[in-house]
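A, B, C and D are the chain letters, set down in written order, and residue numbers restart from 1 in every chain.
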Amino acid sequence: MERIVTIAVLIALAAVPLLASVFDAPFYLDLFGRVMIYAIAAISLNLIMGYGGMVSFGHAAFLGLGGYAVGILAKEGIDSGFVQWPLAIGSCALFALLTGLVVLRTSGAYFIMITLAFAQMLFFLFTSLAEYGGDDGLTIWTRSDFAGLIDLNDGASFYYLIFALLLACLGISARLIDSRFGMVLRGAKANERRMQAIGFPTFRYKLAAYTISGAMCGLAGALLANQAEFVGPSVLHWSRSGEILVMVVLGGMGGVAGPVLGAATYLLLSYFLADLTKHWAIIMGPLLILVVLFARGGLLGLLSGRRAKTDAP
Amino acid sequence: MKARTIALAAAFALSAALPALAADKVKIGYVTTLSKGPAAIGKQMQDAVELALDHLGKKMGGLPVEIVYADDEFDPEIGKLRSEELVKKDKVDFVSGFIWSNVLLQARQPIFKANTFLIGSNAGPHELAGKECSPWFFSTSWQNDQMPEAMGKYMTDAGIKRVYVLSPNYPAGRDMVAGFKRYYKGEIVGEILTPWPQHADWSAEFAKIRATEPKPEAVFVFYPGGAGINFVKQYAQAGLKDTIPLYNVFTTDSTTLKAQGDAALGLLSTMSWGADLQNDANKRFVADFKKKYGYIPSFYAAQAYDSIMLIASAVKAVNDKIEDKDAVRKALKASDFASVRGQVKFNNNHYPIENFYIQEVVKDADGTYDTRIKGTVFLAHADSYGAKECKMK
Amino acid sequence: MSDILLRAEGITKRYGGILACDNVGIELRAGETHAVIGPNGAGKTTLLAQLAGEIAPDSGRIHLGARDVTDLRAPERAALGLGRSFQITSVFREFTTRQNVALAVQAHDGHSFRFWRKARTDAALIEPARAMLDRLGLGDRAGVPAALLSHGEQRQLELAMALATKPRVLLLDEPMAGMGAADSERMTQLLSALKSEAALLLVEHDMDAVFALADRITVMTYGRVIATGTPAEIRANQVVRDAYLGADEAA
Amino acid sequence: MTALLLIEQTLNGLQLGVMLFLMSAGLTLVFGIMNLINLAHGSLFMVGAYCAALFLEWTGSFVLAALLALPATLLVGLIIEIVVLRTLYERDHLDQVLATSGLILFFNEALHLVGGAEALYLDLPPFLKGQVKIIPGSPYPLYRLVVIAVGLAVALGLYLLVTRTRTGMLIRAGASNRTMLSALGVNVRLLFTAVFGLGAMLAGLGGVMAGPIVSVQSGMGENVLILAFVVIVIGGIGSIRGAFIAALLIGLIDTMGRAFMADLMGLVMSHTAAQTAGPTIASMLIYLLMAGVLFFRPQGLFPPRGR
């Protein structure tokens, strides 16, 4: 069931540009492009949260850092995507690596809050960077330039690039969690003490996973900045971290496709509900609660028939 | 894959190259905040737009008008997405609204790229006034700096020698301080930039003001929205209101006065419009607004009303040929409409050249709080960026 | 001297006002099965955790072979050949039985920064795991999620995982806990077959198993070692009889 | 002069601290005992303030409004405990995060509908409006002293409740070892509901007392919620004592940072640079503190024993 839904969702996403051109509705490229970018961010969070048990409440920090890397380079006149994107990903990886040395000393709620702490520090830092727009944010006048290889200014090309990267991230995380490395990560989530007793120095594997996740989210940040042609501190506000987290949990953490499902559902639902009424939150809120109460394991759980009530241990 | 992309690109190119058809109606996208915290402002703007349509008989020139409201949810990203939707899906002829600088700055690109006019009816960031000024942008409000400039002038003229300055630590806040300094000639004895937006308690700052020697004669602040409510209440509670007079910009307006209550009474601020401004358009606007909605409009409402009226004047001037963008731009630039702000011209960067007034918070006979114009500070005041940095003529 | 594989001296561990271990010394010789017994709260499990490197002692030294491992953490000691099983079954419930053992094999098959190849089909992990499961009689349960195994089977799996790390020294925390008589009997046979492979340090309450398996026995009460000796010596030791065995036999 | 300023800022820090304590006390208990991450705790703060504002409009008396707002918040708290949260105690933390963030969305919008889009009016009665000259030369707002007094009184009351009563003993037992409770034959469900109600009422009290100081509007609880989480994490989850000390610590550090950071940095850098960097560092200060504390004590300052 999960497989069928995943494939259906991916096929639907692949068909968006076609439908958009047939019905002359290019706006949907932006809408669904944004959905896919957040899906990548959610996949990256799921990698450490769903498989490594590391609940990050500061993942938007990477979204923002990746975006600012593109924005700042663009402002300094470096438009080449071959420079911007590796730097965006690299700086996120580095930030994850360095903060990981600290945050991974804690676990549980303490981990949640210390990841938030680092994201907040970054938030205040960018808010005060008057040179790069500060609170107003930074306009990106030209999208990343890939030397004619692909033109990000063309709606469909950019869309398919995002789509390809989404597939790549899905593929990478699917391989990753089944690899030896993934087994260590999952083992550490289930029982870290046991993992250490059989000889795994779990800290370094968790740190590696945290770094990979940060890098992947940095890619999403670079994409988002290019799509928005803008980057501002609101991208790394804690409420954004909360939203990414909600997407992952909503979609379900039992499979790699959960985050895609979650991001699509959360963003599209709030979008269409907001079209319906400005009081959309009063519908959205209870919907989230109902998902928790009646589906164990998020939407993915709902699809595979894991009902909350019958799953009592 | 590649072939399909090319086909798609061709399709897009084709649709863009089609000759523009004559318009059968005027479609305006109106972006504002309708949900979350600051929805009160969005509601005022929406009410004002509806009133403008009433006054226009729902027609601009010979064309019927359709307004598409979009909620930016107080989030720049959503604001940008909705703007994109307006120009690409709804294919509006004009976009207007925008309360917040950061939302406007993020949302403008897709609007400009779609060759659509953007009539900002509140936010006035300096970027759009200076180096990044755009032929597609017009403002029916002000450039951020103009308001504190007026206050700086007023306080200099009033002979106030020593001022303490407080403002949030973000670009608009720093712009406000810079604008104030541009025209204030006395001594600034202290200046604090407080964190934004989470700062909610000024007791520490008040203690510093009180401890300043020699004693400041006045305090100048910029705290918009909810922060302004907090600030004004706490300033009065600290007993400072009666000892050191408070002057502000954007801190006391009709969206905040109810919650500020007596704490705001007597406070002075500068503004380019007031409900008691004496001109025919404004009298009609305020009277009808009160009658229709039962409350006093704020400057947000006035500027929103003007934005619709400006568009209407342009549509009429080009004889409904709104597809002729150059003609429309010329007509907009002419600013040939009865503004509720009185005589208004556009600067080279399309920000208004207008009057600025000093106004005081008063309590009406029926117990509601309101502002009264006390005098004029600037006549036909232009912003300081247009001439210096904007290359448009 | 060289035949001593694990030696702890002067181990002291304090929790608030309670002395969990008070100057404990213990030695484990090659080829030996050494049991630690004592009433609940005697500090046996705390001692085991310190030997394994999960808890740092307040004072005292621990040697693994000739090497001082006091400052090494659990994974490092495991890499040096120290295996352990837990009192409370701690297998990975979501993984299959085979995956559980394969994970233990993986721990000692170089680093795990291998991101691409599927671990599930990695012969270098699967084959040793299969062999280990066959040996412990769990071969036909290899594909079953560990959560679905019976309690006895889970204890066997626990042992299989410890063994898969090819330890020189194996610390076993109550391997018979919660088992019925038949399962206990099977486990006793399994353990005695292990003697040639690794030295065993065994914490156990099941006295039949202890006296059947152990070459030497250390008795602890209130965090202190009160006696060490062969089963016969311990049986005859008056102090032990008074403090521990006597009470047990009376009950 | 500077000494007087220091004293005044200490009072300010104390006042912020006790407000944070009111928010954190319930949060840390609910988290520590029921193992529930309740993001909607900030909504209860908001409900308290809204109730006070609405009751003030209705009765015209601030005291009456405040007194009515407490049971009203309690009632709202009990309703969400029974309808939603009760089923979440045994669930994953992340399920709790999802459900309670749903509650936030709901409450923000519901109060928006009830109270209107504009911020509500909640002003002090004349007898609380004055200033007191406890420090020579600088009058201090009476109301803030009242806030400090009420906050400290509540802290004392909680201390007595937790250390001197049977309920308190159960609460402590629950915070350090949850499974023990049912073994003791306690009606766990009732105890949980009572603890949650208590926490809700304290958050409501925080909202009522903050109402006259800050603007009463939808979404007002969220920033306070984040600060409260910072407090309970620094203090050690489940520890009332830790929450109290951490709340005061955060209150003082935040206030002192705002008051003196720019000047302090002015000593080592140019005035304008200090004026911009100062506030930035000041707003990061509490997060730096949290990261620092957790680095050296990953379980916070006062982790309840046995976890």
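Descriptive notes on the structure:
Simple rule for what comes next: a contact is a pair of C-beta atoms (placed from the backbone, for glycine too) under 8 Å apart; a residue touches a chain by one contact, two chains touch by 3 or more.
Computed from a prediction, not measured in an experiment: that's the story for all the values here.
Of all the chains, the one whose CA centre sits at the greatest distance from that of subunit B is C.
Here the chain at the heart of the structure, going by C-alpha means, is A.
Chain geometry summary: the mean Cα position of subunit C and that of subunit D are 48 Å apart. Centroids of subunit B and subunit C (each the mean of its C-alpha atoms) stand 73 Å apart. Averaged C-alpha coordinates put the centre of subunit A at 35 Å from the centre of subunit B. Counting only residues that touch two or more partner chains, subunit C has none.
Annotation for subunit B: residues touching 2 or more other chains are 35, 39, 169, 195.
Residue positions 124, 127-128, 130, 279-281 of subunit A are each in touch with at least two other chains.
Viewed as a contact network, the protein chains fit none of the simple shapes, being neither a path, a ring, a star nor fully connected.
By the document's touch criterion, interfaces exist between A-B, A-C, A-D, B-D. Those residues of subunit B whose C-beta lies close enough to touch subunit A in the complex are 1, 4-5, 8-9, 11-12, 15, 34-35, 39, 71, 73, 75-77, 80-81, 84-85, 88-89, 101-102, 105-106, 109-110, 125, 127, 132, 169-172, 174, 195-196. Within the complex formed with subunit B, the subunit D residues making contact are 1, 4-5, 8-9, 12-13, 15-16, 108-109, 112, 116-124, 129-131, 138-139, 141, 143-144, 212-220, 223, 255-256, 258-259, 262, 275-276, 278-280, 282-283.
Those residues of subunit A whose C-beta lies close enough to touch subunit C in the complex are 175-176, 178-184, 186-187, 190-191, 193-202, 205, 208. Those residues of subunit B whose C-beta lies close enough to touch subunit D in the complex are 35-37, 39-40, 42-43, 169, 191-195, 198-201, 203-205, 207-208, 210-211, 213, 226-227, 229-230, 233-234, 237-239, 255-256, 258-259, 261-263.
Interface residues of subunit C facing subunit A in the complex, by the touch rule stated above, are 52, 54, 73-76, 78-79, 83-84, 86, 90-95, 99, 102-104, 106-108, 112-120, 122, 125, 161-162, 164-165.
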